[in-house]
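Shared chain: subunit A. Partners: subunit B in the first complex, subunit C in the second.
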Partner chain A sequence: MYFVEQLINGLSQGAIYALMAIGFTLIAGEVGLVSFTYGDTVMLGAFSAYWACSLFAENFLLTVLFTILVSSLMSIVLHAVCMAQFLDAPKHISMICTIGFGIILKNAVQLIAGYEVKAMPELLGRSYFELGGIRIGYVKLYIVAIVIVLCAILSFLLNRTKTGVRLRAVSQDRKAASLIGIDVQRTTRLGNLIGCMIGGLAGLLYAIYYGSILPTMGGAISMKAMSASVLGGLCNIPVAAFAGLLLGIFENFSIALFPQGYRDLISFLFLILVLVFKPHGFEFRFKKHSRKEAEHA
Partner chain B sequence: MKKVLTMLLALVLIVSLFAGCTQPAEETSGDGDSATEPVRFGVSYFATGTNAENGEVAKISLEIALDEINAAGGINGRPVELVFMDVKGDAKESPEVARKFAEDESILAVIAGDSSAGVMAAAPVYEDAGLIQLASNASAADFPPMGDYQFSLVGRSSEDIPYGVKNVIAGQLGAKTIALIYQNDEWGNSYVESYESSCAENGIEIVAAEPYMVGDQDFNAVLSKLRQANPDVLALCCQYAEGSLIMKQIRQMGWDDVQCVCSGGLVNDMFLDVVGEDGEGVIGWTIYAYSEDYPQAYAFAEEYRSRSGGKNPSNWGGMYDVLHILTNAAIDCGDNLTRETLRDSLAAQDDFVTMMGGNLKFNDDGSVSRTYYPLTIKDGEWVAYNG
Partner chain C sequence: MLNRAVNYVKAHRLPFFIVFAVLVLAFPIIIPSNFVRGIAVRTVLYMLFASSLNLINGYCGHFSIGHAGFMCIGCYTAGLLATKAGLGFWLIVPISGIVTSLFGLLVFLPTNRLSGMYLSIVTLGFAEIVRIIVLNWTSLTNGPLGVKGIPSIKLFGLKLTSTTEYYYVILFLLVLSLFCMYRILHSRVGRAWMSIRENPDAACSLGVELAKYKAINFVVGAFFCGVAGCFMAFYYRYIDTTMFTIDESFNVLSMVIVGGMGTLVGPILGAFVINLITETFRFASEYRMLLYGILIILTMWIRPQGIAGASNSVLATKRMAKRVQSAAKAKRSEA
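Presenting the complex of A and B:
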């Protein structure tokens, strides 16, 4: 039963990683933008939700809408300042710019909200069910469900709509995309917007799941989101989500065998080992499918 | 337009970076006459980082003491001046801050509002410079013996935990088994060592001990592991940022048949604010109880609340005592006030008074033996625990 409990812990944590990995994969992999602001985007989403709870008397729907609005506005500014003007420049320029933007976001939230840990209201209650003596909160199930729904929606968007084709075209070759009439600025702005909205929602769910938030939480989050995304091959949203789940399960089972202090050491060792033997992460599993799509296109 | 926006953002970045960084040293107002020049003490503290709220408590407490001291004539007629520097809650920053203070010859002593890891990292620098490092909240037993210039007023983990194990865990709770979850640094490890020896003396078996890293946010896996050991008591050797997350996750997973205990790091309002109802029944012990039973501590707490918008002080309010004790040592130096004479005067202080009462003195190694008070969370407040 102990290992079942650790498996459930791993799935729950993995679902959080998966949710964050989806947004990061969309921005960095599918749209091809460089963003080191993602962890702070998640943090801003969490704080937006916290502020919205005060503004709207803990109304869940209004909290979600406010979080999406703040994340969207932030993504537009981020794109205008750190991405739009550097699309044709070496990637390290945009990279440094997004790092700076992330620092501004973090310091701004610290100045507004203070440095201390904030308790997040239990927007979804604390209802749970028991399975063989193990308590499983419904929040965990909601997060898994949201990950599945987002994977389905984004896969459809990217593979079955003109917008998706434009996003992928811009990612593969911006000049060629521009030559065939695709508005590169508008398309990258849209990709970044969707990615940041998902990041903001991930922040909201993260805050509800753990019940507390901190302005400095973005650093650790971005490392895990990037890890899951890289494990997923950077360009496939369902695989990135799967990699996030796997990372969560692996971490939790590693804690069952080793001290918690080795958690990050073991998970990054796992990441390196996977990349040494499978440099494209777990992407190979979907290669056949991708080739069919390419032939169809 | 984009260039202007970029320039503006760059400016905001620079300003925001400096806003979170070290505060500049205050200007000395002396006219060259040493009899009226301010006496300057350095303060290393958490202005930013995950422990910044502790830093805020420390700063306000020092300011209360500073106002009282200067209103009473300062040190033999010389006003006291504090120079604040941010250690950012990162032990790697502490030696750098120590070097800056050591190089400034006008600084006669440093008050450390830093973690055990931070003060221990900075101690060699202060020893080389012959500069006092007087810590308010660094309880690692290994810290004060690091040198002649290292002092701590908080009491040692080697006394803090034995009190809790003997009087609370074995005495009032009658526990036979205990599990520990601890911060994996000098501070946390010193607590574990202390628990090991105290539990052995009191016939309590440690059935599990699990470390975590500062900044960890998910503790479900490690709590499942500790739950497997089925302890009577779970001891939280944590600071409030992680401790509050652990407490919430204990309740979320439905682990209700374990008694949680903690020492001073969690006995504060910050912990209460985050854990809410999940903290009910937690038992802790601390050296500061700001109740009406202790008039001076209560008066300090009232003044603190008036300056902080109604917040209650934590055990970081001990900074108030630290500045008073350091000032008394400086007054005893008379006209011959140097780093060296101040060190000797501080070490010789005996029978000094804190806001909780008097009759304290420094041990030979620079530590102080303190009295502890058991408290529990009831109806969202820390109240006296009587078993």
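Presenting the complex of A and C:
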């Protein structure tokens, strides 16, 4: 019984992690940008959801729209400050810039919202149903459903539209892409925007799921997103999503084995084990282009 | 203007050096305020931390953003050895250095084949792992309560108590470490590091064993960090895990980036500048980290190698596209 309960918790938590991993993979792999701001993007998404709740009297739709608005605005600023200038410069420069931007973001939110833990209102209600003696909150189902819908939209966007082709072209070879008439700046901006939007929405779901948010939670979050997307070799969205799901399930079972304080350790260990044994991630038959090509770009 | 000043100083190196050395040595005697002396000790301590990070980031092309992990290990090794085993400061300095460098090797082993962003992610993860383990291993580290009652430093049987004496101890450690670093950097090892930073493939083709020298780089960088961490434990007398959060890593990192990577002077200058800013704007201490972020981005925009960084290295290249464009334009106008 306990096992099934933990599995369900793990699945809904893992769905959020999967969404984060998808956003990060999109930025780092598909578009080929380096971003250390991602955890703070998710954090900002959670906080903008929190602010929107008090602004719009806990209207779910308006909250979602507000979150999307805030994270896309942030992503445009991020792109202008940290990425657009340095597309052809050595990668560490843009990386350092995003670290600086992350510091600014975290501390700005900390100054505005304060240092203490904020309680997120229960946007999606607290009702639940019982199935064979297990209580399952509707929230968990909603979260999984939202994540699946978002994944479907994204997969359509990336694989079936011209925008998706452009994004992948830019990630493979910027010079060649610009030669055939793709606006590289615009495309990377768009890729970063989509990635940050997904991150913001993941932050919203995270806030709803856990019910409490902190300005400093970005570090642990970015670790989870990174470890999941590294498992996919940073380029493979389906594998990254799957890894996020696995991570959520692992984490929930680890609570039964280890003390509570060690929970965040799981994702770090997961990450390091992956990097030791499988540094290029798993590339199943979804393979479109290898990491080497992405790095080369 | 700046170049002229630098050239002037370079031409008259000795007198400038003597004045500088006298000023540094006489600082705690000239300054009557104990508060300012405390700041000076902290600044010199961070100079050592920043220098050790610069060895890793500035010389070998790695990008470690988890320096707080090494600081934590050095500090706790010293604190625990001093309180539980009762060893003296001068014995613990090398021990905590060696322990920390072992952990440096531990970080390096999984990252052997990684570079760039992956390596940064691992170092960040390492710092957090260290912090979480130290926080939760209550039986050894006393958990969230921290290590209390670390004794003061003894020199020839005398207890050092005043800030002035601590200032001289850390100054001695800094100068000694800088001397060692200088010697290392001007040996085969240092040149190998720099060649790896400039171009790993070319370095490899010239017979530089990448894995070996990268490992040495991490070990040496972590060693000096452990030395500084040991002093930190003895100076603060009390350590806990809140001193080693990600913010602390970024604090040291911003010193290295702003001051300059790839030169010995850079991190020293950076630690001085950042600490000066922090202390001057103490009334606005909440905005401190915000300012660090802005400074980091500004440095990358204006001068990516930092104020006094290695300007002839790969660290100094920025916006290459623009440079290529302007070169092409110049060519066209010539034609």
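One rule holds for everything that comes next: the second predicted complex is superposed on the first by the 258 of 297 C-alpha atoms of A that agree within 3 Å, B and C clash if a C-alpha of one lies under 4 Å from a C-alpha of the other, contacts with A are read in each partner's own complex, and residues count from 1 in each chain.
Just so we're on the same page, a contact is a pair of C-beta atoms (placed from the backbone, for glycine too) under 8 Å apart; a residue touches a chain by one contact, two chains touch by 3 or more.
This structure is a prediction, so every number in the text was calculated from the model and none was measured.
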Which of subunit B and subunit C A:99 touches, first, second, both or neither: second
Touching partner for A:276 - first (subunit B), second (subunit C), both, neither: second
Touching partner for A:2 - first (subunit B), second (subunit C), both, neither: first
Touching partner for A:268 - first (subunit B), second (subunit C), both, neither: second
Which superposed partner A:217 touches (first subunit B, second subunit C, both, neither): first
Which superposed partner A:36 touches (first subunit B, second subunit C, both, neither): second
Partner chain(s) touched by A:181 [first = subunit B, second = subunit C, both, neither]: neither
Partner chain in contact with A:230 - subunit B first, subunit C second, else both or neither: second
First, second, both or neither for A:90, with subunit B first and subunit C second: second
Shared subunit A contacts, counted only where both subunit B and subunit C touch the same residue: 81, 85, 100-101, 103-104, 107-108, 111, 219-220, 259, 261, 264
Of all residues in subunit C, those that touch subunit A in their complex: 63, 65, 109-111, 113-114, 116-118, 120-122, 124-126, 128-129, 132-133, 135-136, 246, 250, 253-254, 257, 286-287, 289-290, 292-297, 300-301, 304, 314-315, 317-321
Interface residues, subunit A side, partner subunit B - complex: 2, 5-6, 9-10, 12-13, 80-81, 84-85, 100-101, 103-104, 107-108, 110-111, 114-119, 126, 128, 130, 135, 137, 210-212, 214, 216-217, 219-220, 251-252, 255-256, 259-261, 263-264
Subunit B - residues contacting subunit A, complex: 2, 5-6, 9-10, 12-13, 16-17, 19-20, 48-50, 52-53, 56, 184, 210-213, 215-222, 224-225, 228, 240-241, 244-245, 248-249, 252-254, 270, 273-276
Contacting residues of subunit A [partner subunit C, same complex]: 28, 34, 36, 81-82, 85-93, 95-97, 99-104, 106-108, 111, 219-220, 223, 226-227, 230, 259, 261-262, 264-265, 268-269, 271-272, 275-276, 279, 295
